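After this come two complexes, each holding chain A, first together with chain B and then together with chain C.
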Partner chain A sequence: MAGSLTRDEPAEGTVVPRPVPAVIRTVWYAAGVLARRILLLAGLLAAVFAAVELLPGDAADATSERGESAADLARRRHLLGLDRPVAERFWDWMTGLPTGDLGTSARGEPVADLLAHPFPNTLLLGGLALLLTLVASVALGCWAAAKPGSPLDRAVSASATGILALPEFVVAVALVLVFALWADWLPAVTLTDADGSPASWRMLVLPVLALAVPQIGWNTRIVRAALADEATAAHIETAVLDGLPRRRILTHHLLPGALPTIAAGIATSTGMLLGGAVVVETIFNYPGIGSVLAGAVADRDSPVIAGVVAVTGAVITGVLLLADLVRAWASGGRT
Partner chain B sequence: MNLNRRQVLWAGGGIGAAVLLAACGGGDETSAKSPARANEKPRPGGTLRVGALGRASAITRDPHGTQANESDYLIISLVYDTLTVPGTKPNTVPRLAANWQASDDLKTWRFTLAKGAKFHDGTPVTAEDVVWSLKRLRNTPAGASRLPGIKAENIRAEGDDAVVLVSDYANAELPLLTRLTTFVLKKDTADKDLAKAPGTGPFKLDWFRSGNARLVRNDDWYGGDVYLDAIEVKIFESPQAMGNALLAGQIDVASNVGAVAARTAEKRDDIQIVRRPNDMAMPIVMRTADGPFADAKVREALRLAVDREAMVKQVLSGYGTVANDILGTGDPAYAKDLPQRGRDLAKAKQLLKEAGFDTSKTYKLLTTEDIAGLAESATLFATQVREAGVKVEVVKQESATFWDKTWLKGDLYTTYWGTNDSVVFFASKTMVSDSGQNEAGWKNKEFDAAYRKAMATKDPAARTEVLHELQRIEYDESGYLLWGMADGIDLAGAAVRNLPTLPGYGRVQLEQAWLAR
Partner chain C sequence: MTATTADAKTAPASRRTRRRTALRVLPAVLLTALALAGPWLAPHAIDAPVTAPYAEPGGDAPLGGDQLGRDVLSRLLAGGRELVVTSLLVAVLVTAVAAVLGAVSALRPAIGRIVERTADVLMLLPAVLGILLVTLSWPDGGRLAVVTASVVLGVPYAVRLVAGAAAPVAASGYVEAAAVGGERLGYLVVREVLPNLRATLLALFGLRFVAAVYLVATAGFLQVGPQPPAADWALMIRENSAGIVLNPWAVLAPSIAIGLLAMSVNLAAAALVPATGRKAVPAL
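Now for the complex of A and B:
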């Protein structure tokens, strides 16, 4: 029976279990991971509603004007549905989610509208930063690993450590200072045009750099360490003894082995990038979800906060799933 | 390069970039700082790019909604008209209402609409539209505080071009109440159509996206010539980013950007600093109803212990003026002749002794970081009054907690107000015994009587006299310590002309602005 991997003989008279093809196994595995992550996200959203509930004041207070009487406030609270139990509001919000309804902000705007332009903008910013992080850190890591212990290796590793410790806002302020206000090469802030996206690609350069630089530092270290780890493996030693060219050893032997670790590192950076985006977006006035989130927390605006968490959570879930799959595929069942 | 400590500190905030830049030898631009060139003839055309503060999460398109964003309010004010708008002298001037008259009992007010006022789709504005809009405003949760004393059913049309408002009580300053948010929409505009609802204002909406908007000139505006072809409003979450955008030439005006940005711009010849006096009051509230500050002598002692000049210099970076404990400093009827309080530590100590004030205790001064300078003012105040023997500990509260727990209740706290061109505004809102926002819990029969008399006096000269008496009582006994007034500060590029210099929301009146380029 082709493809059968089981050694157990089927018992007489029972239906022979069909062997599960690899594709289905992968899909099954992915579905399992996805289901767990979705549950986790739902739990997180419940925690968001609960946490906002615990903060002093509520959205009715936050959006009221000075001089509203207690009766006016009660009316506002009723209009916003805040007089209902938090569990009920959470349930209402969650049941709208599958239809794409993210609820209404405390100021009466549909949350989906509030996120419609900022979210793709943040994805663009984060995606570009992630891509730059991936390319730069793999290139730098490989470059350093090519001659272990050389001055070059030490220089790359040391500067990687240096910049990974830099907070995004320090990088961002330095970039604005040098490239926008002093040299006048690039715009200082991001302005949007009629379609809600940055008016020019040049406005993306500095925010992407500010976001990516600390992550490049972090991931270069990971790539370098993963390659060093892999270099001690027996098959690499064999390849070296076989006299294979260095480049071939790197691309065909070292990198594939180090891939699971690199994938995990990059996946972790996704969360860090989205977190850093909140700060970077403020400094560059980048029209993303960072400012939406910061304002929503100040306003105790649960539907908006939950909306931001849901969409970013979905993206992070997707990236982590992808990383899991890469790892499963690259390790070929070794894990 | 010589940077002082404050500038270095601000460098961390991003705007310091400009300080360094300026210090590194900017100023190769040719034009000079000169906002007032009276003999210049306004030049038509051009697009003015204006930055205004706002948060993406708080965006609202409803002219009668809760507007937290200056950017939203700016856009709405350019597209829609209110019945009246702030002015210098008098403080209320016509807009959609061309004029107004009161009945003898000062309860019934009749507003006549401006001739030729049309919506952007060409239909004329009728009294019915105005009545519908005012009722809509009145029926929002904030309606009672926006149109105080006017019930929805007491707003009615009179003919095609007049609207009558009947107040529950005599109110000589009723037109003042119609300066804010009385935006007029077409009758029966549905909530879902608000975003595209035509206004009557000097500019028409071209597009709006995520808090940013482009507005184009309304050639049919009844209010006079508009010079600019278009205004683009850009939303900024932080004043730092807005300042940087202006310094980098990405915007032409940074609206209400603040003193910190102004200091960095001082060294740039190609940037105008527009100061709008009496923009923001940040008084310290001392509870009069009960507690340690209930004795008028204690309050007087604290008023004498504060060093007002130092407060203005350090808290406001010098962008402000010393005040005299009376709120409404921009009012034409403001009592300028009352003696300016100065620092007198000896007298302060003596008053505290006479009042038997317990100087062994430490008193909490509650504050927030809602607006720039507020928490700093509290800290400096605490340092200053210590020299009079009063120990004050500053406690910073998170905004929501402060408004929920401290405001109107605390013994000693900071507050702030953005409408400062009316003495009556504060008297009616925060000082009359039964006012809804009596911040210090102040009850003074003399003051109440003066207020009621002022409200029922039709003759402006006679009313100013009564208001003087009202301010004297406030000066002597209220729960406020108003040490100074912050200027509103806008930054503008060299080519921008004729920006408004009015405080508060007067800054949105950009219809007279033009570009010299």
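Now for the complex of A and C:
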């Protein structure tokens, strides 16, 4: 027996080398997805450069003071590097993101320095809101899907549709009025520590809620629809006929099948959350990129917003990459 | 070349669903009409103080005064028109551009692929940041900058939706016959494909109106839309939030107005989505 085994081993290894190609195929797939996502990010950077370049007005114009001479303007344009050839500036901009160089604001500060402290705060706010969105929308979607067509299902779907189109600042105003001014449970304004981060977790509650509420509406509908789609599949019918418990069907049969759609929906929400964060931070005086951008709006400072778009684009790229991999894993190589 | 599906038997049922759809569209139509007519109904001038700053409701000003003592009710009535007009304009433009591009994409797959890639790239750009990028890079753009940004950001997703709906139509026998018969692309798009997508385009218009209200209102709130002393719901919320304790109505009234507009328009849009396409929830 032992002899035959040893004799077979090399043959097995050379003729059907199954485990190795599977790994290679996975790596190859992941590399392909990564390359595609990086190309799309490069496309975004190019589009941002083109928008700033082609639209009338530049950073030197925007910050010009009344009565400033043409020579002053030209000198500032030179200081900001706006008089260099387009191709050179384009190359600097495209290669800047990986090296952490996001250009120079109209006031002459590096944009990366301006964002260094606020951006992690915004990521914290957006990350918490994304987590809450994921948990709440999957829970609500499953709850509604448990009894299709019931009053509960209709109530959940109707409220989800009602709140998904609300601008974040409207939700924020309602939350501030109810929880901060009338009930006095939570603070309406974010106070910061010496290091510039929110002083206590209670200050995060209302901003996170204001951001997450519309996205919960949005994703609850997606989860509900994905579960309804999946429920028509033949293997679900078999599971029901086999008399498996409802809960087991939901967790072991329905949810895995609906996972790719849910992942795509949550990934789409990332952009909405990061955009909405700018608005919500303004209301709660939260120390994130919202306050930086409020200053940029007052100064019409286009390099700052371009830098913010570049960093946000990179973060969204990361989340989409994760969603790609979840989808590939959930479909088990079927696609 | 329009397929009629309703036969005698389903006519009463379809009439009932049509009535139900009309009922769900009605609130949006009424609110839009009120916002458009509002400036004529305002009892006071929108830019002259009639009370003390942040005065409580009472007497001449049923909703009190704002930061400068201007009548909140008058500014509320006047402050919806620009939002509604701009949003309608954006929705019409996006739907029109997407209808043509979507039909072309269905007929010419190479163009469809370009549109797909553009939509993939724009997915990395949150709409709020996109509108800030355009308005800050174009300081003198004003309302045109807001409209341009909203249209550019909305078109790729809308094209995707139209192209999806147009694909079966483009593959149908009569369109292929017309194409083989030597009809030009423009003729195929306008005369053969688009007439069969009326329901999709109507639903798309509703969804784009929802998205436009969100974007235009948010632009107003971020102070890149209407500039003071203009009366604008979103700007009112931003300007008066400092006095929310003194006169909550100066903030609450415009918030309720935007909230009701967004919800009623969304209700209408959801009612217009064809039953078969309801699962395809397009991104804002």
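By our rule, the second predicted complex is superposed on the first by the 299 of 335 C-alpha atoms of A that agree within 3 Å, B and C clash if a C-alpha of one lies under 4 Å from a C-alpha of the other, contacts with A are read in each partner's own complex, and residues count from 1 in each chain.
Methods note: contacts are C-beta pairs under 8 Å (C-beta built on N, C-alpha and C of every residue); 3 or more make two chains touch, one makes a residue touch a chain.
From a predicted model like this one, the values you see are computed outputs, not experimental measurements.
Look at A:R76: by the touch rule set out above, it reaches chain B but stays clear of chain C.
Of the two partner chains placed around the shared chain by superposition, chain B and chain C are both touched by A:D61.
With both structures placed on the common chain, the touch criterion links A:A51 to chain C but leaves chain B unconnected.
When both complexes are overlaid on chain A, the residue A:L293 reaches chain B and chain C alike. After overlaying the two complexes on the shared chain, residue contacts for A:P187 are found with chain B alone; chain C is out of touch. Of the two partner chains, chain C is the only one that A:G271 touches; chain B does not reach it.
When the shared chain is aligned, chain C comes close enough to touch A:D229, but chain B does not.
Contacts of A:T282 after superposition: both chain B and chain C are touched. Common to the chain B and chain C contact sets on chain A are residues 55-57, 61-62, 173, 176-177, 181, 282-283, 293-294, 296, 298, 300-301, 304.
Looking at the complex, you find that chain A touches chain C at residues 40-41, 43-44, 47-48, 51-52, 55-57, 61-62, 161-170, 173-174, 176-177, 181, 218, 221-222, 225, 228-229, 265, 268, 271-272, 274-276, 278-279, 282-283, 293-294, 296-298, 300-302, 304-306, 308-309, 312-313, 316-317, 320.
Those residues of chain A whose C-beta lies close enough to touch chain B in the complex are 55-57, 61-69, 72-73, 75-76, 79, 105, 107-109, 114, 116-118, 172-173, 176-177, 180-182, 184, 187-189, 191-192, 194-196, 281-285, 287, 289, 291-296, 298-301, 304.
Residue ranges of chain C in contact with chain A, taken from their complex: 117, 120-130, 132-134, 136-141, 145, 210, 213-214, 217-218, 221-224, 234, 237-238, 241, 244-245, 248, 251-252, 255, 258-259, 262-263, 265-267, 270, 278-279, 281, 283-284.
Taken in their complex, chain B has these residues touching chain A: 11-14, 16-18, 20-21, 24, 55-62, 65-66, 68, 141-146, 207, 209-212, 214, 234, 236-238, 240-242, 244-245, 247-248, 250-251, 398-401, 403-405, 429, 436-437.
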